[in-house]
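As written, the chain order gives the labels A, B, C and D, with residue 1 at the start of each chain.
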């Protein structure tokens, strides 16, 4: 009996694991994620495709579903133990949060999940534990056992994080809720300049990453919006190569490359031409191993430098908002 | 009351935090770690210097102590909660492992630690929680709150891991002991070719890093040996720059640069010219967020590719051993 | 007798070789070029310092002269043969361009030069052949015979090019003059949007580099202005490292990093804090080996993409001009 | 009339331009060069394919010809002026070197060439001037006018150099002949350890590259052998990415990645699986603009460091020779 067997840490999230994106043009989205970013199409069932990046051993991290509304159908988080799905379900009921059981296999390769909308945020979260680990097709398989397939395309290697938008009127509730009930820790954050006790942006994690989840205030007062999902690249120079190639293709460029002061990672925002969802190619960043990390607050005067330490500047002026992002499914 | 307040995870390690290296030539070691690698000399007390890398906010990760024997005086691990130092102490006594209390401040900036020798390994481990967070001197201070100082020299940014050597006759005991009693998880490993149930090398972590600690079999049947300590670089290209510069300076080159198949990180091994300890400059690698990670076993036929996926090959032939490494202090 | 001995190619320029910058604060300029960019201070004579980058074997590429006006004292070009200095002198007199002989050693380490102002541009050019090749001081010397010293600081390795500004009213004359009389070839160029037969910018070279010299139209109708001088970095990732470090130091950032579509090189513009001259750190780019290269014309609609293919965008709007640059010495 | 119009530089080579490789398996060679390295297949005529890299505007740099002998059919060099093909032909006849006229279009897209075997080396050289500049197919075309197509695959961007092998008994003759009659300049070189006036290796160029052509002594006393052809990558980190991917594919790895001390460039040697020819992926390196460059001699004691400054070491021991390379076509 080891020391950890004598204690019970309770239910915990392990990491951001899956996202199900609606797309109006599945073939175009597959061209982007599979042929350009280099992901593996593990399985296709009707109008739904399952993809993973080369360093992911599980069945998928990305689900692309052809549908009329290019919304996000779910954000999936893996839990740490098999029993944690049910333990979280009980906890949610105790908190009077409505839940739905998503049966095993309704998302191919994945076990039973508990689904709910984040209170205050309306983002459809799904918590699951089981995930198949299929081998890649023979021609794609990597010789390295820690990779599922060979590196291809722009070389995205794993899902990194989600960035979601919530109305300023409920963002504090949503941000506090995920911290208190899902175990997210606040790592860096900023308040709205004109409402200094309202969260403008909060970067949070259940892992040593600076963030697995960011919640940011939506200018249009809408909750349940995706700002972007991020895939991880091995090196910052990979973001330069990606920028070079994407500039030359029919892919809508958002902003980047540049380096965030917040999180110290390289960013490049582009849009999936099939779904128009914003995708960040993300590289580097610092890891937080300190258990007593003090959240870093960014004051308005420093915020531009926090968004863009160097490189293509992210516009934070009131007038700017970039492309409108699409929403999320209901429960 | 948040969900995590209702459970007790027990005492846990947070990360590899400090190493105290004996050196016969403190000035030469300072030239190497401070002037070439780019670390900050935070404090000097007599013949002892305290250094940290630019992304470390704590008082130090490296202690250089001028002494006749260039041995390792201690390997320090930070624990997750203040009470975990005492909880581990109690656990060690329950296990009949002799412990010594290291008073707060005997290592400057650090709180009380419990010290013991790893059973089977004889490596002097120290577990602590408290660590001061001094600001860097004004000229060195970074504008980024997640960095203590500006990037300088070869740009090492944080302590990454320890690799220690143990006699093959006790390595299984030591490796099992740290897993069962300190919470290390085996991530990748290999057995000795001619003794297939004896660990040749085991890479283990308490964090999502592939390893915070590796234990490898010592060819000379000695326990308590350091193989190397590793500092982390931001990008793989930084390892090329480091190789370029170190080749041109009076620094003894071990092996590298190259990329490990095991862990997928870039390596460059050099020797501190003051102490002759082996130091790895380490970049990249994959992170493990899966709670049910299945340890990867490397068979002898694949092991060379595991050590060197590409680049300067690490010699694994029986005759090779590189430079003899120095030992560890006793309790 | 080899084949080339039977022909006479006439006087030719070999490459951009030296620049003499006036600075109001020599110590601050030395901090920037020597301590941060990593150049070697080869010699100091009174208030004048001579520096070279680690891949330059000649005595210097940069002269820093303490003086009240932070202007450019000269742009030096090396010629291909010893007799070419005098042959160019004769040619200039034939063209009725006033010349001055700069005696050997008045710029330390350099032989006799012929000095003149570019007709239409008023930029003080000096053509020379002889240049000493001193060894670096022992501690700095590289083991590689193709490098004069070890790589240090941000790793600038050689002078790359000059970018000078000229009044729109005479820019066509200046640009044509250097092509016809100094052998520069036009590689890429653009006309002014509102004056489509007036050169807005012309990138020219006597080497396979895309440009050794650029002439651009000055918004204030002034000739004889420096826009920037550029030093070359080995890799694009070096520009990211430089940006990271310079952001954290007391160095005025211009624009960058980003990649030019014109020339396909990475750029980072900063200001020498001693002289306020703009310095570009430049990496990559394509080489032109084709003898019949057709100059690439950039139309106004494509010009923004030509300046910034990706990264921090260079502002080309009429209102922008960045920091005013300083002028040049007279004959 | 510009200054250069008043002089005649005589016939000169512009750059290494084309190579025609025999391959026993055209489809496999196309998989390698087109699908993996990322070259464009511009045209196919029967069993012959024409390819170019993304930064090459001419019709092709690589010809792949299906044939029983995987030898090199020709090494093509472009000359500087249209008349230089005939001027070189006259010069060769004056030197009593047998020549053959290769009619325009027999290599698609290329004009008339003069073909001969290098005296002492037996390498089939072809000198040409005219080369078509077709646009790439619409889906491949780059937005950048200095690129013919978008960057794809491992991102080779242009032919860089040839490295050919010659018998030690005639290497001095061959090396001297190309310098005296084709204008190559010796940049770096070494003599055979046991025959100190016989060239072991000579790196030569007609451009500022450190070498466009290397001639090295063949251990088997054979002339007319290819050692390797090299394609250029934009950055050193691209060689790491290439190594990572090629390790995982069914491609025979030679040696690398590593950095040459000679030339200061990153190398990675692999074998085209169709033809077994050795191909170097090459990045970085220094440029020589000095007209009076003094060739660097590498003594035997320093030669290993010259071949491998850092990284996977190139074996220079007498017993090693790597894979036998194939020969060249006759006149």
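Assume a contact is a pair of C-beta atoms (placed from the backbone, for glycine too) under 8 Å apart; a residue touches a chain by one contact, two chains touch by 3 or more.
Fair warning: this is a prediction, and the values are worked out from it, not measured in the lab.
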Study note, to complete from the structure: Touching subunit A and subunit B alike are C, D
**Study point:** Chain pair, A-D or C-D, that carries the greater number of C-beta contacts
**Key:** C-D
Revision key, fill the gap. dist(centroid_CA(subunit A), centroid_CA(subunit C)) in Å evaluates to 46
Revision key, fill the gap. Between the Cα centroids of subunit A and subunit D the separation in whole angstrom comes to 47
Check your understanding: How many angstrom lie between the CA centroids of subunit C and subunit D, rounded to a whole number?
Key -> 31
Study note, to complete from the structure: Where subunit D touches two or more other chains at once, the residues are 143-144, 147, 235-237, 244, 247, 309
Check your understanding: So in the complex, which bits of subunit A are touching subunit D?
Key -> 142-144, 147, 150-152, 155, 235, 237-238, 241, 244-245, 247-249
Revision key, fill the gap. As the complex stands, subunit D meets subunit B at residues 236-237, 240, 243-244, 247, 253, 256-259, 266, 309-313
Practice item. Using the touch rule from the top, collect the residues of subunit C that touch subunit D in their complex. Key: 2-4, 6-12, 14-15, 55, 57-58, 78-81, 91, 143-147, 157-158, 179-183, 188, 207-210, 234-237, 261, 263-264, 284, 286-287, 289-291, 296, 305, 309
